[in-house]
Amino acid sequence: RLGVRRADDMHLTLEFGGGLELLFGSQKKHEVEVTSPDDLKEVTMESLLSWIKDNLIKERPEMFVKESSVRPGVLVLINDSDWELCGRLETVLEENDEVIFISTLHGG
Amino acid sequence: IAGLSHSLTAAQIQRYSRQLLLPSFGVKAQENLCKGSVLIVGAGGLGSPVALYLAACGVGCIGIMDPDRVELHNLHRQVIHNEASVGETKVSSASRTCLAINSSVKVVEYPFGLDARNALDIMAQYDVVVDASDNVATRYLVSDACVVANKPLVSGAALGMEGQLTVYNYLKGPCYRCLFPTPSPQAACQRCSDAGVLGVVPGIVGTFQALEVIKVLTKVGEPLSARMLILDALSSRIHTVKLRGKNTQCVACGELPQITHITLPNFDYEKFAASPMSDGTPPREQV
Amino acid sequence: IAGLSHSLTAAQIQRYSRQLLLPSFGVKAQENLCKGSVLIVGAGGLGSPVALYLAACGVGCIGIMDPDRVELHNLHRQVIHNEASVGETKVSSASRTCLAINSSVKVVEYPFGLDARNALDIMAQYDVVVDASDNVATRYLVSDACVVANKPLVSGAALGMEGQLTVYNYLKGPCYRCLFPTPSPQAACQRCSDAGVLGVVPGIVGTFQALEVIKVLTKVGEPLSARMLILDALSSRIHTVKLRGKNTQCVACGELPQITHITLPNFDYEKFAASPMSDGTPPREQV
Amino acid sequence: RLGVRRADDMHLTLEFGGGLELLFGSQKKHEVEVTSPDDLKEVTMESLLSWIKDNLIKERPEMFVKESSVRPGVLVLINDSDWELCGRLETVLEENDEVIFISTLHGG
């Protein structure tokens, strides 16, 4: 587990694929404890992205994030469902949610 | 089976008997296959198993499109070719293998690449299109052309130890641009010639693509429309995820499409994708 | 790559270059493949893609075992054969296709069935065994023999629109008898000749079996030991589940095994499974 | 949903594969409401099996159950995990659990 668990921390399982894992030390799966920003009780996808940028990413952040969202070509899945279906950046995450970031592949 | 009124010959009944036995398949489904037609864009790692299994199961007309010639380093994954076909065009090598397995199907060879000018005319002649290509520019072209020509698109991709598969532009599902309105940055557009690929990975994805084509042609089962199959061969983890539906604002398949049969032929896909359609680009690390 | 001290020839480096590029694969893994050997029990729907992709990726020695001859109704799924090989033994037809793709590998033909007397001697010569057979009796024999001969077993099955795959007798995982100490009742032991099968289903399972063989031979990635891949082609649902570990009471791989190199050769597998090893049984509905 | 939901009913997702679905009207997936037997609050795999035998199976029960368990050749998975790992018949089920019964395939 990454990070000491504080009272209102949220445990999430993050996965990076399609090459994105190269930005995270070539590790695909990460069990993390995410603190909800300042007084907000909720962790949204937007706060998760900035948490990842500040705590997890090892190199070339521009290959993962662009402005406040993910860079083009990255598919985001929350519990195996496209985040487009649950409100993209506004999606409110829950304890033990699984979030997958996967870059679309072009090879064949 | 022989007694029923259907269009299968005795030889077809014998050849496809193990499929005809299937409760969920049967004569009507086989007739749909034998009358069906599929265009396979790419005769490489993905296209090999797609063409092999679609010829074997009896798809009436198979179009195979690829500008390249067979090379030795293709053979670790492009199992429709062999040592004797090195130097030959991929489409004629693939066609020979398909006809050797099933001489009753028709194979149409397109020894050149799909481009904005020829896409719509060629696609119009087929029921289903398979994206087995290896570059971003072609993937946007194939998707746009399928939307304009109103054809379902079975799209697969494979690189390294990973694979992805979905059916675009079918039922109420999204098209490629619905998912990726803007192309990946250049550094994320890798080819097998750059990042490498394990042979069986396009093998698994391509065989699965053949399954999706069969289901679209026969209306049997639920194809991967608005769902994506994700394969990680390193951990043998494979699962399907739920995708968004059509994006009403999509420039291709939305309510006010900018990509039409008039504008598509003049669209510069290589410029849009900032990468060429043919192989032979300098290696870049996939991110 | 050429500079490193390794045993690959220039031709091998060129042929396998796209695999050698893989960060997770590399020269050492390819050397393991080229020095590796695999016995494929069954040259049918599953054995076809297994043999094709293992020959293509360079497994040094491939043993193929099957007593049958190629028939027209095999060709919808057994894509290693073709119309010209109808009537020929399946092992010689398969061998020809493998060598056409990769003349640098060795293929050993066993034009007869595995049985209790020949199993141990033959298996002893191989690193990994692949169960691509089509009947219960053979599956128990192959599993028991792998336990006695201490070989990992990549076991696949396909029927109708469904497929299953796991790696038995590897690391701390179970063997077939750990999962199924008692065979299914006869009514549940169906063949493709009874219940039918869609060609791509053994195609997907068999290609996946080739992936597992590669991972066992190269020690790259996590193979499906104590996990099972379950495919339902109708809904394109495919997922892996977690299986029990070794059963210490197992008669084959347990602490006090009754199946040993002495008892195995005299064990009557057809009687135990209440069904014959060869094909041609009367049709029964799969339950 | 099958069955009227009573207060202490438990909703489960059942799946039958490998041919077993033929015993259940060729339907693979069943969303069911299971009542825990008499005063017991718990639903165990054993009580689920008898519930299935009494309420769901359409034909040839002997091709599904044998004595108080499943017949040989049937693999039971609870939330994608072999029931051998969670206590077979004694396993206590929870709301929304997914139970898969799949017959081992022999074809090839």
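To keep things simple, chains are lettered A, B, C and D as they appear, and every chain counts its residues starting from 1.
One rule holds in what follows: contacts are C-beta pairs under 8 Å (C-beta built on N, C-alpha and C of every residue); 3 or more make two chains touch, one makes a residue touch a chain.
In this text the structure is predicted, and so the values were computed from the model without any measurement.
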Separation of mean Cα positions, chain C and chain B [Å, integer]: 28
Approximate Å spacing (C-alpha centroids) for the pair chain A, chain D: 36
Centre distance in Å when chain B and chain D are each reduced to the mean of their C-alpha atoms: 39
Rounded Å distance between chain A and chain B, as computed from the means of their C-alpha atoms: 31
Residues within chain C bordering two or more other chains: 23, 160, 192, 195, 197, 235, 239-240
Multi-chain contact sites of chain D, meaning residues that touch two or more partners: none
Chain-level touch network, classified as line, ring, star, complete or other: line
Pairs of chains, among all present, that meet the touch criterion: A-B, B-C, C-D
Chain A - residues contacting chain B, complex: 17-20, 22-23, 28, 60, 62-63, 71-75, 77, 80-82, 84-85, 100, 102-108
Residue ranges of chain B touching chain C (in the complex, touch as defined): 11, 14-25, 49, 52-53, 56-58, 72-73, 75-77, 79, 81-84, 97, 100-103, 160-161, 192-201, 203-204, 207-208, 210-212, 214-215, 220-224, 227, 229, 233-240
Contact footprint of chain D on chain C as seen in their complex: 42, 44-47, 131-136, 139, 156-160, 162-164, 179-185, 187-192, 195, 197, 202, 228, 230, 232, 235, 239-244, 285-287
